[in-house]
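Below, chain A partners chain B and then partners chain C, in two separate complexes.
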Partner chain A sequence: MRVALLTLIGLALFPFFFHAIDGYAGLATQIVIVSIASIGFNFLLGYTGLLSYGHAMFYGSGGYVAALMLIRVMPQHPNLWLAVIGGTLAATALALLVGALAVRLYGIYFALLTLAFAQMIFFVVEQSQDWTNGDDGLQNFPTALLPVGPYTIDLGTPLPALALGPFGNLSDIKLWYVFAAVALLGVILGMRALTRSQFGEVLTAIRENEERSSLIGFNAAAYRLAAFAISGALTGLSGALRALYDGTVAVDAVGIDRSGSFVIYTIVGGVQTLFGPVIGTGLIMYLEAVLSAQISYWRLIEGVIFVAVIIFLPAGIVGTLTRKAAERARQRRALLAESLRARTGGPT
Partner chain B sequence: MVALTQALLNGLVLGLIYVAIAVGLTIVFGTLRLVNFAHGAFYAIGAYIGLVVAQNWGLGPALLAAPIGVALFAVLLDRVLLRPFYGKDVTSQILVTFGIALIVEETLRLIFGATTQQYPALAGLATSVSLGPFVYPAYRLLFAAGVIVMLVLVWLFMEKTDYGLIVRAGVRDRTMVQLLGGNIRQASTIVFALGAAIAGLVGAAASPIYSIAPGTGFAFLVPSFVVVVVGGLGSFWGAVLGGLLIGELQSLTTLAFAPAANVIIYLCMALVLLLRPQGLLGESEVIRQ
Partner chain C sequence: MILETKGLGKSFGRFAANADIDFSVAQGELRAVIGPNGAGKTTFFNMLSGTTEATSGTIFFKGNDVTKLSGTRRVHIGIAKAFQTANIYPEQTVRQNCRLAALAHKQGAFALEIVRRSERLADVDTLAERAIEQLELTNVADVRSGDLAHGDKKRLDIAIALATQPEILLLDEPVAGMSRDEARKTEALVRKLASSMTVLIIEHDMDLIMGISDSITVLESGRVLANGTPAEIRANQRVQDAYLGGHSEAEMGA
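Let's turn to the complex of A and B:
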């Protein structure tokens, strides 16, 4: 409950924080959307130990399928729910297919097999001119509307005008942000429940000692496949939302740099933590937006940050902070116990 | 028929580049158990050193400067950054070497610009030789011969010298080699520098044939990983067989149905990984790493 409330407050304040710095209007929404993919990537790496080098295939397929549904299936009545669900399901199906083959492999072999599939999909997307418009990608697709009960909502609508001094105006924020933030909140809470469930515990057990877990009777490959599918589904959801929000999707969504970006976001923020992927995504995307406008070698800085985190903060930003906090709490408890013992004259 | 022969020759040249990069990857994995995503960076650095030297002093000095410069860079990398990662899990290694590859690529972009560099028109590069019904660039044939000679030298190093013995024994049982007094550390540094030098030399030698851009290293690295996996991680002959196979496959597919050329090699790798995960000539012990 406390986590839900704090996340809600954080998400509610997040876009205003942006305005106070320099006002990147759409960036807050993009960060919130891409964070969902990073959470999906982190679930796979953190809870199965499998490093995927091809998550862009899920992100891209989510985006392309959502866009194609609007263009080909329902151009007259573009329904956002259906487009998002379609994109997510397509990514999930792809994850089940690739996962069925990949979860038998480990380490470098798993990374390279996922990379191989992502590269195949990249070239297929690039070559399928008729469907995907090749290098240029899909643009100008119908604006998807969101039917909720009797209302039909256009997420491009700004919130009511309300001047907030240094924090800009409430109307700077569109309904898209609210929608994406609710989705992220749901994903964070779902992920928290999932990792604390029996399913999460079995996954951890398999990661730590697969042989022993198998002998107890858990089907390790099935658990890993389930984790891979969940990870792919979240990444596809993120890709679908991003395509609909941006109103465009192009081949870079399935490219190798995209796959690498989820790796970077997650590692910088902190693998195996709930909020690490969100913080990492926010930090790197924010720096990218601010710095790439001013200096041409932004990606060099990104690389240096990434390597510095791996060497100096292997647990990532959030991982290191929570570890420090846990350490301090432990020390406080030890001190307290000692002073109690001293006062009561008990055994030291 | 002419087109087919030309495609086969092109496939040989491309395949030999893959072989040279893959041999470095595979011997480094064998000794250091290091999965090196930065290996493509050695190719790119070699290509740029070669370009700069060739523009000023000609091709010969370029082919000398590139491997030496890249080997020095590799030793520095080994000593300063990579050492703590040798004993660690594969994931950390992939991550840190991926980060290094990113930094090298962007540094090259910063220095030389993002555009594709043209090689200086040196005397002799444009010469063609007649091969019966068609002519073929002489430099490509020379390049292929040179790479083959280099591979033979590397093979002799691995088979006939004490360092090679330590390296090959290290692939089988690292601890035993150390117990028997083999200096695996020193051998590792030499092998790492050697693998890098090969990639650097090939980068410099191949740049009159293929274009040079900051992303070239990674562009060659990914197919080279395909080669290593197809041939078998840690196997010298696996890298040779895999490289020639992938090079020819790519070249022949370009001839038959160009849009599939980039897909086919990944399809090939996926099939090998699923049917014979240790690779065509690999040993099954390494696959669970």
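Let's turn to the complex of A and C:
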């Protein structure tokens, strides 16, 4: 409950920090959407130890399939639910297919195989002119509407006008942000339940000792495949939302830079933490948006940040903070126990 | 017969680690498998537990051919193994180690239980506690298992195997590396376990083998050299010859 409430407050306040920097009204929404992919990536890396260097194939397929559904399947009645579900399912199916081959490999071999698959998908997308419009990507597809009960909502609608002083106006924010924030909140809470479930418990066991896990009766490959599919599904969901929000999807969504970005966001924020991927995504995307407009060597700065985190904060930002807090709590408890013993004259 | 092999063999290239092994264990029996170093005992065990694939022959468990079953599937039909080097989850407590094994038994090889927590499964705790008690690990149940003493780690490995609720338990050198006292304690525990299930044991400690086994199978160069009661094996000239150089008759416990 506490986690849910704090996340809700954080998400509600988040976009107002962006008012100070002009021209980034949409960035908050994009960060919230992409965070879902980072959470998916982190689930795979953190709970199975598998580092995928091809997650853009799920992100991109989610985006392209959602867009294609609007263009080809339901141009007259563009339904956002269906487009998102379609994109997510397509990414999940792809993950099951790739995973069936990849989850028996480990370490660098797994990373290379996922990279190879992603490059194949990239090639297919780039070459399928008729469907994907090649390098230019898909644009101007019908605006997807969100039917909720008797209403049909256009997520492009701004919130009601309400002056907020230095934080601008409530109407700066569109319904899209609310929708994406609710989706992220759901994903965070779902991930928390997932990692504490039997499934998460078994994944942790397999990661710690696969040989023993197999010989107490867990099918390790099946668990890794399921984890890979869940990870791919979340990344596909993110890709679909992003394409619909941006109103465009292009080949960079399936590119190697995109795959690398999930690695960077997650490691900077903190692997195996609930909020690390969100913090990492927010920080790097924010810096990128602010700096890349003014500095031509943004990529260099990004690289320096990545290297600095790996060297100085190997557990990532959130991971390091959590560890420090746990350490302090332990010391406090030890001190308390010490003083209690001194006072009661008990054994030391 | 609960477990049987016919013509079982394992070759690595031209080298036959095991060949033509005809072997059978009756329900409830405590059988030892002994033999000089390199006799192929561990290979034989690995084929029984399913971690090594046989290159020839057949394995029957309760009359069914299980030769092609994976190690994971074999756990679920009732074959469990404790390793020569304690194979545990060092980061987890003793209790959690046993809970995982009990969880595997309850839910099967794979279950997409992405919401329900294992704490909800009362049986898991019951089965884990029972295994902990049977191996006398109750007073270290909440210790991180990587911090246990050597003997306790080995006993935990057996407790993990036990928590999967096997009908036959394979113990690969359960007292290896233990002090005399620890070894005697473990021996008493194994003897107690054997009263309620079938136990197959590889061991170099001849006092232990001669003391607790119902019957003994001797392997040499990957083949069965002899089968018999401890007394028969002790008196067997071929067995004594096989052990000469490595072991004297005195070491055979005679």
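Before moving on, here are some points about what is shown:
Everything below uses one rule, namely that the second predicted complex is superposed on the first by the 344 of 348 C-alpha atoms of A that agree within 3 Å, B and C clash if a C-alpha of one lies under 4 Å from a C-alpha of the other, contacts with A are read in each partner's own complex, and residues count from 1 in each chain.
Just so we're on the same page, a residue touches a chain if its C-beta (ideal position, glycine included) is under 8 Å from a C-beta of that chain, and two chains touch if they have at least 3 such contacts.
Remember, predicted model here, so these are calculated numbers, not experimental data.
By the document's definition of touching, neither partner reaches A:Leu170: not chain B, not chain C.
Look at A:Gln127: by the touch rule set out above, it reaches chain B but stays clear of chain C. Shared-chain residue A:Ala205: touches chain C; no touch with chain B. When the shared chain is aligned, chain B comes close enough to touch A:Tyr109, but chain C does not. By the touch criterion stated above, A:Leu194 is placed in contact with chain C alone, chain B being left untouched. Ranking chain B and chain C by residues of chain A touched puts B first. Applying the stated contact rule after C-alpha superposition, one finds that A:Leu215 touches chain C and leaves chain B untouched. In the superposition on chain A, A:Arg299 makes contact with chain B only, not with chain C. Using the contact criterion defined above for the overlaid structures, shared-chain residue A:Tyr223 touches chain C, although it does not reach chain B.
Applying the stated contact rule after C-alpha superposition, one finds that A:Ile267 touches chain B and leaves chain C untouched. With the contact threshold set out at the top, not one residue of chain A is in contact with chain B in one structure and with chain C in the other.
The part of chain C that touches chain A in the complex is made up of residues 49, 51, 70-72, 75-76, 80-81, 87-92, 100-101, 103-105, 107-118, 121, 160-161, 163-164. Interface of chain A with chain B (complex): residues 45, 49, 51, 53, 101, 104-109, 111-113, 115-117, 119-120, 123-124, 127, 256, 260, 263, 267, 296-297, 299-300, 302-304, 306-307, 310-311, 314. Residue ranges on chain A touching chain C, taken from their complex, read 193-194, 196-202, 205, 208-209, 211-220, 222-223, 226, 230. Residues of chain B that touch chain A in their complex: 35, 81, 84, 89-92, 94-96, 98-100, 102-103, 105-107, 109-110, 218, 222, 225-226, 229, 233, 259, 262-263, 266-267, 269-270, 273-274, 277, 287-289.
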